[in-house]
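Chains here go by letter, A, B, C, D and E, matching the order in which they are written, and residues are numbered from 1 within each.
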């Protein structure tokens, strides 16, 4: 610790004196939201995975920058269709940060813990196909499925499916112990999480000796931190309006990549008037998406027409399904019997796309005679009131999970969208193995959503990231909402 | 003179004030401002109370005015104990006694014009009076104190100190009381103005048959206006008698010291040294 | 002999240049060891006179005419030299001992302050003197510690502190502005005695300002009666009280209860005081003629034309001539 | 040497007007207040552009003839929004002050009139209220009842209660020692009547001055609450919210941060000047010092 | 004197208790079940119930209150729901930001206000007075968060002298930490300084009008010496009152300023805790803050005793 302190100080001095000569091997990464805990298997907040994924915790497999599934703690795997089983060959000599060994018993523990009834895993659905996990020998794990689940392997690459040691499972929330190339050093709540290099990493060691995640919720403060060099890397920069300023700085690299984030106005389909598809379509017609993106995100963001982004496989561009047409919107509303002056509320969680987007949508809807009451809400309350209890009319939210078309097929999800046709279609897709056919079905699912318009789909969230020009190995695109810093290093 | 009860009678009056505790758990000490004072004031006469600051004369005055309930003793006006009266009863009794205060600037509400100032006791204590009667009473009171009727429409700040004290006297007169309690009514005035005010009070007494309870630290003033005088020291009356008698032949040592200390013109410088020797501090 | 200690020669104080005159043509001479009483009602300008001598008039007031102290022309003196006179050679005692003392400074420090400032004494030296001074003014230690604060003393004791403060540097002139007005009579007597003794011991000159004829008559050798910014009558105390040539002096005396003859016929009316009618004219509205004419019971036609100057009443020869500013001075004396 | 402790009634009619215009503070203060009120009132009927209308193509324009104060990130006209925001500011501040006066003044008057344990109780109550920093009170209130302009009014109003209670009590305590109160007692008036006829009329100049000060503070507090998102909610225009919206555009469109801030500052400055002017006009103590 | 202090301490304790009770009761109205918030979206009813029991949320109100407040004397302020960390541990690093910030702001406020106020009073009616009071008048009117923005705009973005936001921490040396507090402290302190300067000026002017100033001048003191040695000490009494009040204002101000400058301080922690429905943290922090204000007022009362000997002996104002 003393050594790290000294070296970072030396780095700072060098930075100040030489300006460009880097002897730096530490990184300060900026993040908008602070995680509520550091156990990705116990809480839905994506902020947890943004700190822990690949850095602290690892799963059997992992997702690469291009969205492909790659080996991680499993060197290799085999799929046996006849007994519906994956056989994972585990890496040897892997140790958790606390010294606990990694073997098949850990796999069994982690997966069984995730599917257990009392599990609080936010993506329980990923594990739902699992029939059993067996350990023929310590370095082999056999996961039997209930049925064909083409997305299963991809899901096992998510942050929610990482390996947890039984010894530290209970305390991971505040003292995370994983197998990753970085280990936890300390968490100054409300300010930062500090990680340091894991010297006993099984694989290629991290190039950085230490990483600090600093939580800066205010976009202009974030910009200032980046401009001043206080933060070297900002993975998901929220204030697109500041990009021009950042671009103008010769020390910075600005990358606008893609994410699987879908910004939408979610509607409570169980509530009138949103139970009427004509009303939902009218809302879709009433909003000028390109202008919306311009106003909310300074034009950074691609209008979408269904619950899918170009970053996900099988994307179909449906953004012109409901072109901006206030007259048509008014006509549709009239048809549905919605009188001008009808009021409803839109709940707005804290992110700028929601708070700002709410204002824009309110203005658009006012054009077609709808009176909107905007209800700002903190995220905790949002989770409770909107997500858990579905006590809302409409809300604006980004769904950041990739390939999550299943949510519309669930028995209960907060949109309260009920469509036997969609469910059937989805089950068909889920049971299909052939890639060609899967893509075809994906397109159909999207078209079905665009037709029913359970939510008003707005735009695909771009991955706007900013980093110091001398930083290398940073992900440009974001197949998952994570910050993989394992390959990041400073230019020589 | 009537044979009935005297206009004002004070019997064994005691008034104490609690003081702040010297320490957290010590008992509260008590300041005994008035310690068993008895007085009698027949109708049509004037009684002076003299004493130095802190002797309790103002507390006594406030008790007599019905403003501060004594812990012990009684204040009888026309034979009625005003502290035994009901609220309404006290209000009715107040018609008979009114007050004049020391500070000609502080005793008149700066936001009220003279008419309103004079009207207040009348409207409050004699609500039965008609509108016309109230107007005539205001004029009567103003005339009595030698102010023009035009004064009614003006505000206190437009008057000099002497004139203000006239207004205060007019206010005291408006209910046609029998007794006026005057607490240092002229001490804030310059000598020449003070003489005007004292003369006015004497005139009014003779014309209206008023009685005065006249409180002052100024021996000369008390001597000029009272029939009888009571000398107070530390909450008690140490000497009482006809004014001329007390001034000519003070009996109590304190009275002698008081009179001896008062500066007198024509005394010449050397007298002072003697006076000081007589009563060392 | 050299120049008199204090000499006022037509001292005039006006509000702004050429503005309203608050003091008009005051002339006085005061020597060491003399006690002069300045009497008048409020607004007559007595306190202003004191402040003019101290050079502490409010900024907007202008001084003209002669004002000399030991030969120095005070208004012309630079502030720094004037400052060195204040407290050192001219000291002042104020009326309200409650407010004239700094509430947050110990009395010892306040007494010592002047000596440290003017005589360059150390804190210990100055405090030793302060201790002696407190003993002298009747506040003996250890009961009256130097560390006491003003609020811990009674009014009379505070005034004793004020006197100690004023006497600290052994001034040549002591100005006492209504030093006993706020005090009870018995305390007043003691304070006046003390003042008297201090003057006796130090040989300083005393300028005693008061509204109380009794106080001056007992304390001062000489008296000057002021009215509306002017001295209307002055002379040896006995002389003035014997004659009271100016109708205002007379009126002032007659109005005070001292002048009242209490004898009355049984059942007859109570004797009245001789009040002066009217009020003191506002400084801005003082007439060009005799300022007292409007209130004077003996007013003559010429009183409304001419502003009288102080003129001697007797043939002279007395140490302090008896002067009055009246066209028709009264002749008869006033017996007590 | 008795200082005349006279309180002259304000000159009536033309005299009063002349007194107002003689004071620079009052003139400027009144002008600013009237300007703000004028903007608020006019914005009800007319603004150069509809304050809520988005013209996204025209966004982030600098000040120009068409848009005096430029446009914001939605292309809304900043000048129109400031006009509309004036209404919100004044409304919230006025209500907050009214709440403070409505509850605080009776409390303070009661404490002064009755003294004793009632006084002690009221004073401890205000002590307690003062223990919670004003903004914190507001944050809690809005956290409980949700952010809205109405709750901001209540929150700021709650803080105003002890302020007015203290000021009223302080001023009234002195008056209760005046001889004219004793005279009123001699006239048989009860505490309530004395408070109504003698005490309140004589403290109202203090209250008026305090009200302008609190009004100014309330404008700032409202802006602060809106700034952190706890005050007025969109689409209601609010200066504080405009400032917080502007923060991310601080590099590209500084005018967005300048004008709402100026609006707040000038309004508060005007109110403070008004307060100073009123104090000079109404408080004889200050007037004599000049 | 001791009994005065003891009496005040007793009152202080009572007020703090009352404040804690109010905060506690208020928090009960706050919507959102902390257990549900902690467990997130897919919580099962049984787990929820278990957690509620663990957190003591099923206990009666008064038991919860006593449990909670009972820990205070021992530095136990409860455990944060969101971070599962003792609040005292959360607080410690935050105080190291907020306290220096508050002290720095106070130092700026007093350090600027006293000289300016006294100077203006001594120059009453002259250009110096007019200029400094004009500046103060504007300073009073500027909201601190806007001043913060302007300071960032000028000193951080334009001149690049000081960091625009964030807190560098004390680990890397005093100066680095201090640097990040300068702008926030200015934003917070300057408007307060403006208020204080006005108060100081009028207090000094009032003191200059007192009789004892004339006494001092009559003693031969220069007007300057009378100003500093006699008028100013007396003027400090009302100034102390305002300083005490400003402290409470300051604590609240940190909430906003810490947001403007993105400082990890107590104010932002309160803000975040409210956002996350971390009730125990909110109520503990608010109570501590209130206790802090009450305590500062107590100190101001003591300071009166020191500044004004009239109060030292008698006690009570």
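As a convention for this text, contacts are C-beta pairs under 8 Å (C-beta built on N, C-alpha and C of every residue); 3 or more make two chains touch, one makes a residue touch a chain.
From a predicted model like this one, the values you see are computed outputs, not experimental measurements.
The fewest steps needed to get from subunit A to subunit D, moving only between touching chains, is 1. Set against the C-alpha centre of subunit C, every other chain centre is closer than that of A.
Centre-to-centre, using mean CA coordinates, subunit B is 46 Å away from subunit D.
Taking the mean of the C-alpha atoms as each chain's centre, subunit A and subunit C sit 92 Å apart.
Computed from the mean C-alpha positions, the centre of subunit D lies at a distance of 22 Å from the centre of subunit E. Here the spacing of subunit C and subunit D, counted between their Cα centres, is 51 Å.
Within subunit E, the positions touching two or more other chains are listed as 31, 152, 157, 259-260, 274. Shared interface positions of subunit D, defined as residues touching 2 or more other chains, are 2, 247, 250-251. The residues of subunit B never reach two or more other chains; the list is empty. Partner subunit B is touched in their complex by these residues of subunit D: 2, 4-9, 178-180, 182-189, 193, 197-198, 201-202. Chain contact summary for the complex, subunit B toward subunit D: residues 62, 65-67, 90-91, 94, 98-99, 101-103, 105-112, 120-121, 124-125, 155-157, 168, 171, 188.
In the complex of the two chains, the subunit E residues touching subunit C come out as 210-212, 214-222, 225, 230, 233-234, 237, 307-310, 313. Of all residues in subunit C, only 41-42, 138, 184-190, 192-193, 196, 211-215, 217-221, 237-238, 241, 251-253, 255-258, 260, 262, 269-270, 272-277, 279-280, 336 touch subunit B in the complex they form.
Put simply, subunit A touches subunit D in their complex at residues 218-220, 223, 239, 241-242, 244-245, 288, 291, 294-295, 352, 355-356, 358-360, 362-364, 366, 374-376.
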